[in-house]
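Pasting the structures here.
What follows is a pair of complexes built around subunit A, which joins subunit B in one and subunit C in the other.
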Partner chain A sequence: MPKAVYADLSRCIACHACELACERENENSRISLQVVRDLAAVPVSCRQCETPLCAVVCPGEALNYGDSGLEYDSEKCTGCRLCVLACPFGTAELRAGVMERCDLCQGKETPACVATCPAGALFCAEAESIGGNIRARRAERIKKALASPASAGRRVNR
Partner chain B sequence: MKESTRMLVPEEEKCIGCRACTSACPEKLITFSEEGNMRSISFPANCGTGCELCELCELCALACPENAISFIFPEGESENVEKQTLDFELVSCQKCGTPFATIRELEKVRTAISEKVPLPPKGDFWVELCPGCRQEVFRERQAEALIRERTV
Partner chain C sequence: MEEKNPQPTICPYCSLGCGFYLKLEAGKAAGIRYMPEHPVNEGSLCPKGNTVLEVLNHPDRLKYPLKKTETGWERIEWEEALDLAAAKLKGSLEEYGPDSLAFLGSAKCSNEENYIFQKIARLLGTNNVDNCARLCHASTLTGLGKTLGTGAMTNPISDLACSECIFVIGSNFAENHPAVSRRVLEAKEKGAFVIVADPRMTPTSWLADLSLRLVPGTDVALLNGMMHVIVSEGLVDREFARERTKGFAELENVLQRYDPETVSRITGIPSAEIIKAARAYARAGTAAIVYSMGITQHISGTDNVTACADLALICGHIGKKGAGILPLRGQNNVQGACDMGALSEFFPGYGKVGDPEAAGRMQALWGAKKLPESPGLTATEIVGAAGKGKIKTLYVMGEDLVNSHPDSSRVKQALENLDFLVVQDIFMNDTAEYADLVLPAASFAEKEGSFTSTERRVQWLEPALMPPGEARADLEILFRLAEKLGLDFPYRDAGEVLEEISAAVPAYGGIAKERLKKDFGLIWPCPDAGHTGTPVLHTDSFMTPDGLARLVPVEHRSPAETPGPDYPFLLTTGRTVLHYNAGSMSRRCKSLLKREAELYVEIHPADARTMEIREGNKLVLESRRGSTKATARLTERVSPGVLFLPFHFPGTNVLTADALDREAKIPEFKVSACRIRRG
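Right, the complex of A and B next:
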């Protein structure tokens, strides 16, 4: 499975920092966060499908699925919107006549949204590793919480 | 004798009403409008702005995913100089009711993806939802477990 941005929803605090980070990096935000029934915040971006249906319908060869995953060439996009209609998650969007989707901030080690998330809710991983990933991250947090606290600046312990 | 002007001919049987041509035309000569559950695309009879570039440009034809646009040089008197308008019925989103795509667009998408993934039964299929509602449904499904946890 290709890598994608995933969210540990129990950690998301709905601060929208991911959207701002994406906007800084890509001009428009390709990740969108909304709060569902006042109870859970859910960020959604391109799922980087294993069988990308957007590429299946693309007539102009702008979207191609190759060995290195889904490739997108905006120069070849004709703006026919068929990818928008084929995306099961509604994350392909047309902006200024061409399609826009998350490319995991190509060229960067970590996508901007993941690097920015102050709650540590977002991570970029392959689907198979997610269960283990969440467990490992949780264990890490517990370990940190149990460890003796680091000295906190000038605060005097009573 | 006046040279014959190149005419733009959209093929009604092929056109799916996707509007790629409307955004491809540098002179914005192809226009579209939506009213209720109908979308109309208007094509000029020719691109006659008089400039040479317009006589060579084929960007709309190149953008068309269905190769529905061709250019002809009519012999003698061109009888049809009226612009041509094609009308398309729109499909409404099963969730919010907003018309979001033409019947033909969705048919094309459905056929293309049916070759890759098995199609779920009608009535419970994301193709029948507008992109916004697809995202909403996905969001709700993702949050389901957490919401249950937080409600109790």
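Right, the complex of A and C next:
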């Protein structure tokens, strides 16, 4: 299963650094941050779907998917925007007749958004590993909280 | 210039001192590479840091010296410009005396530039030299100065990762110092308890285990209330209080009046939460206090800072890793500008003006016959004095007074009243519009020098680029000005100035260019060439004459201006993640402006409903000083009755008042009374 950029929502501070880094590297930002009810923020970029709807609906075979992931051939693109309509996450955009979406900063070791995130909220991982990651982190935190005599009660008066 | 590509550099925005690389192409800054090895930001960068190329390559950059004429700005040669500046300074000096001159240094310029700047002012015979620290953390210098002996952050930022409790009060670091978040989150992963006290619900509050939403201007009450609980529940670190502090009895006496119920009535925070916060902070093995302008920008700013210090001291949470008091400063070199004596009451190294010994030391070092003996006017007082005609010539290096000082209309009148105004900057800002002479300066990436971050880390910045047009490094401009003024300066470059700084400022005694170029600099105090720096202050003794900290009781005082029938709303101001200070850099970045284009006002939905205000409505805000327009943003981030304006756009400080803290002379930006109507 392909890797994608995911966000740990408990860490995201809505600073938009991911958007600005992506915009600098790719001219337009391919990740967008939504603040929900002023209480949390959600950065969203291409989910790198296993069966990408954008490619399924592409009439001109500009978008193709296989073992190496999604491939895009701008020569064959008719600019029909079906991919934009089909993406359930709204992460495909058509600009000047070219479909743009997150390609994980091809050629870079780490996508710019992940590298720049001041809160360390973004990470690039395979989809099936993230549920386990989050559960493992939670468990670790609970273990630590239980192991020490709570950050309470430590002080012994002298 | 050393040829390196990519060239390591330091972010010019906030005070964290984050490192990154500039990628160069044909002498232009063409890209950014992150720097995972940097100890502060570990490769990360905030949105402003990410857009720094837009500042460097901006077409608005000032390229030539400009003189104001009747027909507009006229491009002149450097020689003429500096002759003019020197003649005007000398003219005022001869006709009206040295105190008719004033100098505003820059927290965005290097240590060497600020050092030379204040030296010029003092050799001309005036202590009227200050910097914008007066507007953000002057109360940190006074409050921590009288309690701990020095007004600086006690521990490095990375220490927060080792804290068991982090108490954040009046700091929205998630927006204003984003890389601090990674350390706080690191601590949380280890089980730390995070308390955030802020009148607004901010992204920093999202990280809190306990969020305390206090009424603006009631910080002393909250801090005293927490200390009351700590004392009455026997959570005081008695050994620490006995062995390392003085004044516990007097403090205890004052605290008696601040029981949780009384404090709850003043602050609006339920008493149970005050007790919970007090217990969590006091009981933790290591606890840190993080504060910023929510504490400092009040008429009680010094008292607020003092109360933070008292709280840390009675719990013994200072002088060790993971503990301490962390004031997050605003600008990339605000700590350094203060260390260099770009302050009206301090010589370089914080020797007090008026102390004959401190003056004697500087006189000997500078080979000066006599230095002015009485403290000069502060930044805020300089504006007042200019308005009254007492200041004739003002030299501003890298600051936009019009948008950063309170009561903009009064600032503009004061600037118009000057005989001569010189502004040295990288862009034409609203203050420069009032200038008679504008000098084009080099940006951070176009010059060399040392910068001191909020954690006292002194880093060396190397030039990556040539300045645009005829723009020159501030240091070079000052060298040539000094020559025209007949001052005999022996230095050829920043490295040589730093040599003199290490003789003038004891904490910089062992700091030299070659040492700073390695390992991301040194953290002061670094008294001699063999010393490796001091990340944690006050480990064995405090910087007071007897080595003991002072517990200083303080009382809650109401803000200078509170809402009433004519001005029913409480207006508070602050920062937002996508812009920076007066906006002369961030408002020139298209990618930032696209996301945050204009002045907005946060208003609680309940207030908006009563006044039939909808999201996006244009509102007129009025205070006793003026009026401004802003777009309504309905949000529960603010409480009912409170309005919030970011101060990055012209207009906000038209409304704010110039009520000053009596010791630090910092204006109360955080509270004023205001009314609104549909525009």
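Heads up, the rule we're going with is that the second predicted complex is superposed on the first by the 130 of 158 C-alpha atoms of A that agree within 3 Å, B and C clash if a C-alpha of one lies under 4 Å from a C-alpha of the other, contacts with A are read in each partner's own complex, and residues count from 1 in each chain.
Please note the rule applied: a contact is a pair of C-beta atoms (placed from the backbone, for glycine too) under 8 Å apart; a residue touches a chain by one contact, two chains touch by 3 or more.
Everything numeric in this text was worked out from a predicted model, so none of it was measured.
Undergrad: Given the touch rule stated above, what does A:V84 touch, subunit B (first), subunit C (second), both, or neither?
TA: first
Undergrad: Considering only the touch criterion stated at the top, classify A:V56 as touching first (subunit B), second (subunit C), both, or neither.
TA: first
Undergrad: For A:S68, using the defined touch cut-off, is the partner it touches subunit B, subunit C, both, or neither? Pick first, second, both or neither.
TA: neither
Undergrad: Is A:G97 contacted by the first partner subunit B, the second partner subunit C, both or neither?
TA: The answer is first: A:G97 touches subunit B but not subunit C.
Undergrad: For A:C117, decide between first (touching subunit B), second (touching subunit C), both and neither.
TA: In the superposition, A:C117 touches subunit C alone.
Undergrad: Report for A:L39: first if it touches subunit B alone, second if subunit C alone, otherwise both or neither.
TA: both
Undergrad: Can A:Q106 be said to touch subunit B (first), subunit C (second), both, or neither?
TA: After superposing on A, A:Q106 lies clear of both subunit B and subunit C.
Undergrad: Need the overlap of the two footprints on subunit A, from subunit B and from subunit C, as residue ranges.
TA: Subunit A residues touching both partners: 39-40.
Undergrad: Which residues of subunit C touch subunit A in the complex?
TA: Answer in residue numbers: 31-32, 34, 36, 41, 43-47, 49-51, 53, 164-165, 174-175, 178-179, 181-182, 185, 189-193, 201, 203-204, 206-207, 234-239, 279-280, 282-285, 577-578, 591-592, 595, 635-637.
Undergrad: How about subunit A: which of its residues touch subunit B in the complex?
TA: Interface residues on the subunit A side: 9-10, 32, 34, 36-37, 39-40, 42, 44, 51, 53, 56-57, 59-60, 78-82, 84-93, 97.
Undergrad: Which residues, counting only subunit A, touch subunit C once they are in their complex?
TA: Residues in contact with subunit C: 11, 13-17, 19-21, 23-24, 38-41, 115-120, 137, 140-141, 144-145, 148, 151-155, 157-158.
Undergrad: With touch defined as at the start, can you tell me which subunit B residues reach subunit A in the complex?
TA: 18-20, 23-24, 62-66, 101, 105-106, 108-109, 112-113, 115-117, 126-127, 129-136, 138-140, 142-143, 146-147, 150-151
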